[in-house]
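Before anything else, here is the set of structures, which you'll find just below.
Below are two complexes that have chain A in common, paired first with chain B and then with chain C.
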Partner chain A sequence: MLETFNIRVILEYLPLYGSCLLATLWLSGAGLAGSLGVGCVACALRTSRFRMLSLPAAAYIESIRSTPLLAQLYFLYFGLPSLGVPVSETTVGILALTLNSGAYMAEIIRGGIQSIAPGQIEAAISSGLSYLQRMRAVVLPQAIGITLPPMLGQAIVLVKDSALLSLISLMELTRAGQILTSERFMPAEGFLTSAVFYLMIYSALKTLTVWSRKRLIYLHTG
Partner chain B sequence: MIEFRDVHKWFGDLHVLKGINLHVAPGEVLVVCGPSGSGKSTLIRTINRLETIQKGELIVDGMKVHDPRTPMTKLRAEIGFVFQQFNLYPHMTALENVTLAPIKVRRIPRREAEEQGKEVLAKVGLADKLYQYPAQLSGGQQQRVAIARGLCMRPKIMLFDEPTSALDPEMINEVLEVMRALAHEGMTMIVVTHEMGFAREVAHRVAFMDYGELIEIAPPEEFFARPRSERTRHFLSKILTH
Partner chain C sequence: MWGVYLEQLLQSLPFFLQGLWMTIAVSGLSLMAGTAVGFLWGILRSSRRRVAKALIGAWVDVIRGTPFLVQIFVLFFILPEFGVHLEAFPAAVLALSNLAACFICEIVSAGIESVPHGQREAAVASGLNGYQQLRHVILPQALRVMLPPLVGQYVLLIKDSSVVSAIGVVDVTRVGWLTVQRIPQGILVFGLVGLLYFAICYPLIQLSNALEKRLGRSARR
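Our next item is the complex of A and B:
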């Protein structure tokens, strides 16, 4: 079986994989940045005292978390144009990753903020610190340490989820495997090579996660 | 300095403060005792509006705390609050804990705030712990940092909510010692505590609370020797047996 495995073809397609790796990194990176922004805003709204703000945010978070990413992607890809909103594939792809991951990020951030003992907030209030001052000095420095590992975990999920963007014919790592399959009829070589590249991205993020966990331990023991 | 006029507070259906009338003069040390759930913590938490009151008037340092339009951040800067659980910021050293509010709220230059912070931490006996994190300090040391954190704001009033209840017995005295010194300097203090020795020795008046009511308030000699109310007598007989 292994003698039929064609390394030469893989080498031949390596430039394609290289550009597709960059595309996956760019799509995921944009999605990650977007989801951090969306996550912060959604979390702030979700924890608001005003139901007019917290209810829509809760609806967004729950509807994203309760439906498949593929369905969300198709809704944006086919749905938006049918509603008269013309968007490019790349925009749809990044938007889908941003909105999907943003809901999870919002919950991660909320968990991080809520894990800070309310007594500390009361102490900060009692000292006369304003809302923004106590967020900046007391809540966020601790919440960032606490949320970094789960956020990196979500980043790993996001990179893998970006494979779905191949279905709206965006060029990325999984699409490269499909191309090798359809042009040379070599699905094993094609998708295994894609997998190796995903593994490389995963390893890098995993290393960061381990490092951030260590940092977290330092933070808590001083 | 602090004036409660018929103050009421409810948590849902629970009536936790039932018409409190109380006047605390500048420089006075008032100890509040009473069974758990009697409303004594809630009482002092209303003073800097950690809890809002629903009825009555509460005037602190000339400001109407009961009025929702009164901006609280300025008043809170004048009131130090010490919690049962210390509530230090775990990601900051002792010195950072005590200088945060002076720098951010009082807008004192960092160097000056640190000078003052070192001075106050030395005063509470922690000159050698400036750069330790809360997790590296004992409970008694943490509580002294918490007191120093309040003092660094140069407050007019210090409030203590069961400051020694979470401490191991051998650490209670080091905290009471700091509070005693503070009282002798003329600080206006309200202390919720069951340390009756401290009350006897330091307080100008001792108050007894039960079921959200201020049952009795008197100078310590009178409070301990001739309690007027049956409930006070009953409470004192239970906590003074040892």
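Our next item is the complex of A and C:
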């Protein structure tokens, strides 16, 4: 097979892959931004003292974590139109990624806040710091340090999950592989090229994760 | 209107249960194979065999860095070019087993590394050979650390098994996709699909949490 591996065809399709790489980055970036927002809100509700707020948030988080993204994606893709809500594939895709990752983000944020020792906050109060000063100087630096590595891990998952959007015929990296496969009957060239692009995103995010872990140690010791 | 659809959906319930059985078969086989291979790779990875370590590390990175959907397409569409013709089911099991092995390998090697170094030295000093060290000293202690993330990983893999529907394996997700062409009520159809996954995954997540609480406490003691 390798002697027939057609680099020329890949070069010919490179502009398609370029725009699809951007699409993958944009879809997962939008999903990431959305999931940070949803995650913060869901975490705040989940840790609320009022059961009226914490129960629905817990139900949301648990039902997302117990079902596959693909089922959630189809639920929205086939479900919203049947409710009479007209939405584009792009909206459905970003919505599914946002709602899915949001549940995991909520858990990550909750873990980060809970990991700060209560003594830290008590110490800050007795040092006479105001609420904002406490957040700014004590809670947030630690919470961000602790949550950053798992959040970057979730970002990696999000980029890989965005591949499923090709199944509702959104243009992104995996779809580019499918197009090359169906137009030229070259699945090896098509999907391996997609894989290389995903690996590039992965190695960038992984480098960032390693860096943030080092910063985390620095935060704890310095 | 919904009542009619609900009735139709209940009529196709046996079809959904068949799909559920397929999901259980694909994930069950893959989890067993993946656990066996993952333990082997994890043990090799935390050994001093440099070549094996580097090879496994690189492979795990490639698998962790690419979407499962792409992996399954590569396996399903490219192997025939080498003259290997796989049906959808074995291709799905192979791809999911490999994914499972890669994630479990990381959990196993992290678990082994969490055992204090003195334990291995003591085992060596007691005259245990390599296998005995692992079997009687390292693994029993590592297992405590490994068990909660292992169960959590199983849940992720069962959910990942839904992706094999893309190459035509008729699992729960595929059954939902086929049914929604006939009964155009996405909320109902995929609500049922979600419910079936929930019935499997939710108890496992609770198990993982309970294990973490219990084993975490006994490890600190």
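Convention: the second predicted complex is superposed on the first by the 206 of 222 C-alpha atoms of A that agree within 3 Å, B and C clash if a C-alpha of one lies under 4 Å from a C-alpha of the other, contacts with A are read in each partner's own complex, and residues count from 1 in each chain.
One rule holds for everything that comes next: contacts are C-beta pairs under 8 Å (C-beta built on N, C-alpha and C of every residue); 3 or more make two chains touch, one makes a residue touch a chain.
Just so you know, these numbers come straight off a predicted model, no measurement behind them.
Chain A has more of its residues touched by C than by the other of chain B and chain C.
Of the two partner chains, chain B is the only one touched by A:122; chain C is not. Contacts of A:187 after superposition: chain C is touched, whereas chain B is not reached. Touch criterion met: A:67 reaches chain C, while chain B stays clear of it. Once chain A of one complex is fitted onto chain A of the other, the partner contacts of A:86 are absent, as it touches neither chain B nor chain C. When the shared chain is aligned, chain C comes close enough to touch A:177, but chain B does not.
Once chain A of one complex is fitted onto chain A of the other, the partner contacts of A:142 are limited to chain B, with no touch recorded for chain C.
For chain A in complex with chain C, the touching residues are 1, 62-63, 65-72, 74-83, 156, 160-164, 166-167, 174, 177-178, 181, 187-188, 191-192, 194-195, 198-199, 202-203, 206. By the touch criterion stated above, chain B contacts chain A in their complex at residues 48, 50, 73-77, 79-81, 83, 85, 87-91, 93, 100-101, 104-105, 132-133, 135-136, 146, 149-150, 153. On the side of chain A, the complex with chain B involves touching residues 117, 119-120, 122-130, 133, 137-138, 141-142, 145, 219-222.
Considering their complex, residues 61-62, 64-71, 73-74, 77-78, 81-82, 155, 159-163, 165-166, 172-173, 176-177, 180, 184-187, 189-191, 193-194, 197-198, 201-202, 205 of chain C touch chain A.
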